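Note that chain A is present in both complexes that follow, paired respectively with chain B and with chain C.
Then we have the complex of A and B:
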């Protein structure tokens, strides 16, 4: 009897273990499936690399005229494809892959095909550095990533050490681009805070403002500080500023009650959409209906499964990308994304798509070739980035400073009838 | 007026902690182990209700029954597979580590099945909010249900432990496992029953937690689980009324600390109070000081 029990428990233990590994297996399969999309051009490129090697040595210009000459350019991506920020990581992975496929179909960068590989960092800075190292072992020459600020800052330390070109689509904290090898596509946090304060002030949206922010998060507190500083120059008054932390982010009754008691007409939410969805529903329970205004972190709130989107009606957010925009580029991108991944792209996807095209533009300007090592590519790209102008999804006529910051117009959208509408 | 409103919110949050803490405290009292996976059973309960009520559109009652049933079975399976074989292991740490392992296993399985996207939970409570003082004071239906369920569960558990044979067996096992076995008590059965009840409570806590704070992710149960563990220690681990009092006090301290001291320091205040209470009363508010006799 005893033996029988032992067998049962070991069988069940192994079943649980298998279940665990099944998860890993699936994730790996997905990764492979995506890598397979690219495998064909990569192999072609490898086959012809012997023939093209001499050409490649003569310089990028010659290589540009011949398709698939001289190997591939390896671009790596890092971001959370599992965990609490997986929405962002998956969007970046998908959109970057889409951009890479498009570029490859149109002849690549300087005629060289791109190979793209994405590693998961679970939104954990330590795992992000591990993912970066894995990609370096794979032979990555340029990095698109990481997706979130904390991870981007951690990885930036490594890329600066290695002199690897880094372009983060969405790492918005100041330190993400503190080294000269790092650039970003999105606005920095302070810029978002300042732009939000200006937007509210200049459009006279409200005269009394309350803020609810996450003091344990660099993104949220970064925006908050700049917003509060800029508010002094604007014709509105901050009547309450309350924080929450990562460990107590379910109950917002106190923060909302204080905003309500202070008579705030507008509540500024420089936070992510998960907490914002809770704030919206708790405000409605409380019978409090101010204007809610947020930054790019609120993007995704309409995609929260089963969320009552009527709660988000009238919410305003500063975001560089609205999927229902009417321009040709956005329409094509949204259609291609929907067809391939069955989902409407968010602004992280748009940032990543622009990031890959910025790399293409700068890479062509710099005349990079696959045989250059990462440090040489980085030096060339650093010099080329401030010279390019990109008409992307997140802004037309985007340019970059030497400091790594993008220059583009801030856009705001308002949620009406469950969709973003440009304001 | 806002003070009363804060107080009610505190009691509501505290009642959820209390129901979770009841499960923690029962398992600790009887099996003498910290079931760190308890918080994740809450999450499983939440997902079962979400799947049945929100995805399949079936009536909430069915969701409640299914969640309680599934969590009960899950709790017993976890106990049987991951804890029981280690009950007599040389180090009590072994079972603590498997508990942490089970916690991550449940989180990752949920991540695999449901994805990381936040899901908005449809409240299973359909009682309209209570408006007092001309609408200045709103008590939501969820708050009322949570507080009432907390009290009912506590009373039922106390009666069960003190008045039934199975409950008496639990008390005996918690006092001395070896002696209880010699007296003919089925120790394994009793511990399995404890896990079953604890997990059923976790399912109820999951539903109430998600109804009051309608966001559901695979990590939903983790932090409330830890807070409830604190509440259980606060009230005196192993004591059923202690868990209830500990949970409610913790909720009130958290909310009032947030409201009147600093919203950034809410957790620091909670834990500082815990340290002070434990310094004054090491066994917790209602804990018994049992002296080890050599």
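Then we have the complex of A and C:
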């Protein structure tokens, strides 16, 4: 008995040690792997999944990033592909892959092919850092991610430490881009809140406004706070501001009744479309018909299952992207996305698509080459980002500040006859 | 090995405890060697502190589940309390005292606050028989998560402002700073956690728990677990000992939370990190490691935290494989057939070298006390 336990414990101890070792190869192995890669760059794409798996387990970040001469530019992506936020992560993964494929087919960045690898973070900041580290072991030189705000902030801390260029497609909270190596494609939360308040005020849409927001959601409460702050400078009055949380997001009759009693002409909904669709149908049951106004989270409301789209008639929203827009770029993107993934792309997909093209534009401006290490690329990209102008899906003539914020006009659209129409 | 040890006249429990400490120390030294040699991948490097956090949590929960014999489903709630109180303290005092001192104080504050919550929960619930602790801790974890999500605390020249509504109602002045921002949590916590501190805390947690188990108090706690009526009849104060074990367990979880908060720059209370799922995850470490087996908890926490990351090569299938591994491990550890098979296997191969039937108290009692 005693012997047995001793054996078991030593086996367990060695298993633990092996597990710790498993992440670590030696640098020489890694060098060889890289040399093989260089010898046959054409095979890279085909082998990428295998190589990725191997490289993830062989270590030595310096060896991985520096011995990449003549190869490919490695771009990594981080986002939730499993769990409750998977829909956003998958959209980013698919759209970024689509953009990478297109760029590669057209000759890549400065004639260099791009390799793209996406890691799952389950929408958990801790897992997001793990995913980032995995990609770093793989030899990532630039990061498109993370998809969600909380994860982006956690990863930004690491990218700033490593001086890795980070472009988040959809991390909208303020802290996502607080370091100078981080940029974003989407609007920031305060930006959206402010833009909405200004839009309502300047166009004199309503004089009394009610707000229903999700206090447990960073995105929603971020917009709400800025909206309420900006409302003080605008010619309308906030008559009721009611919150709900992720645990109570099915019945909104209380919030709606309060808005109705307060006599609100407009209800501002800085929330995602699933809850908004419930609010719309419950409002119609109550016989309450104010103007509903939302942000980019409402994009997708027309695709909600079992939702009577006639209820959404007259809803206004500020969004950078509408899948049924008529311009050439959007049409091509939506068609290609549908063909490849069998789904209509949402705004996250559009952000990711633009992110990859922004990297291409900045990369060409900066003249990056695959043999540069991530820090040198980051410095070059940091300098190039404010100089580029991008005509993308989420805005024409997009430019970036040194602070990392994009400059683009929020487009207001109104739903009429079941389609988005520009206002 | 037996002979060398017997020279020192170490008791069996001491020997077993020393092995546990040694495993931790050897793992630490191995990692330090690898780090010094630059053979550590960034993924592993990034995982070191989370590993320490989960080991601390698993070990502390094992005190409640394995030694006290009560089921707690809200361990993440205590972690959450510790994390937010520690991070709040760090955020308030950042720059006003040396980093190490501040972190040490944050750890103590986290432990104390979580411990106090443990006592508050324990006083009414631990007097009851049955599964009430599981139900109450389950509710506690969820309540704490939701409370933290509506908590707004700001600071300006007038002092602290507090609100449960939104950050605007804090009415901060121009120079004000929002410290706890509701659902957005605390951002910009200093990055103080390191692997060395994590390992020191593991050793401290082990020291406290192992010594408690083998003390007079620990024997009283285990007596309650094994037979409440018998324990009561010999005059053991049931509530006192239950409360002792439970609040120590909560306090150590609070320390794990502080370590967690100082490892990432964002701290938000989401279902993912402080919700029901996390509590269950910690329980899984304890159950798979062997209920009541402290060493097993350490190993299970390490393996199960590493597994999903090492399976990243399988991309989409990794969470599926992870679940299958969990089921397989559970069957292998606990199914009567598997145990029977292991016995037979052992008799076939090790029967000649067996010395006698005796082992550390903790191992032989696994599972017995838990309904």
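Methods note: the second predicted complex is superposed on the first by the 355 of 423 C-alpha atoms of A that agree within 3 Å, B and C clash if a C-alpha of one lies under 4 Å from a C-alpha of the other, contacts with A are read in each partner's own complex, and residues count from 1 in each chain.
Everything below uses one rule, namely that contacts are C-beta pairs under 8 Å (C-beta built on N, C-alpha and C of every residue); 3 or more make two chains touch, one makes a residue touch a chain.
A quick note: this is a predicted structure, and the numbers were derived from the prediction, not measured.
With both structures placed on the common chain, the touch criterion links A:373 to neither chain B nor chain C. Contacts of A:328 after superposition: neither chain B nor chain C is touched.
Of the two partner chains, neither chain B nor chain C is touched by A:339. Touch criterion met: A:157 reaches chain C, while chain B stays clear of it. Of the two partner chains placed around the shared chain by superposition, chain C is the only one that A:126 touches, whereas chain B remains out of contact.
Applying the stated contact rule after C-alpha superposition, one finds that A:215 touches each of chain B and chain C.
Judged by the touch definition given at the top, the superposed model places A:305 against chain B, while chain C stays out of reach. Of the two partner chains placed around the shared chain by superposition, chain B and chain C are both touched by A:245.
Comparing chain B with chain C, more residues of chain A are touched by C. In the superposition on chain A, the residues of chain A contacting both chain B and chain C are 6, 9, 12-13, 16, 19-20, 22-23, 26, 82-83, 215, 243, 245, 247.
Chain contact summary for the complex, chain B toward chain A: residues 2, 5-6, 9, 13, 50, 54-55, 77, 80-82, 84-85, 105, 108-109, 111-112, 115-122, 129, 135, 138, 140, 209, 213-215, 217, 219, 223-224, 254-255, 258-259, 263-264, 266-267.
By the touch rule above, chain A contacts chain C in their complex via residues 1-7, 9, 12-13, 15-17, 19-27, 49, 52-54, 56-62, 81-83, 119-120, 122-126, 129-134, 136-137, 150, 153-154, 156-158, 173, 175, 214-218, 221-222, 224-225, 228-229, 241, 243, 245-247.
Residues of chain A that touch chain B in their complex: 6, 9, 12-13, 16, 19-20, 22-23, 26, 82-87, 215, 242-245, 247-248, 250-251, 253-255, 257-258, 261, 273-274, 277-278, 281-282, 285-287, 303-308. Contact residues of chain C toward chain A in the complex are 1-2, 19, 23, 26-27, 30-31, 34, 38-47, 50, 146, 149-150, 165-168, 182-185, 187-188, 191, 260, 263-266, 268, 270-273, 295-296, 299, 302-303, 306, 309-310, 312-316, 318-319, 346, 350, 353-360, 363.
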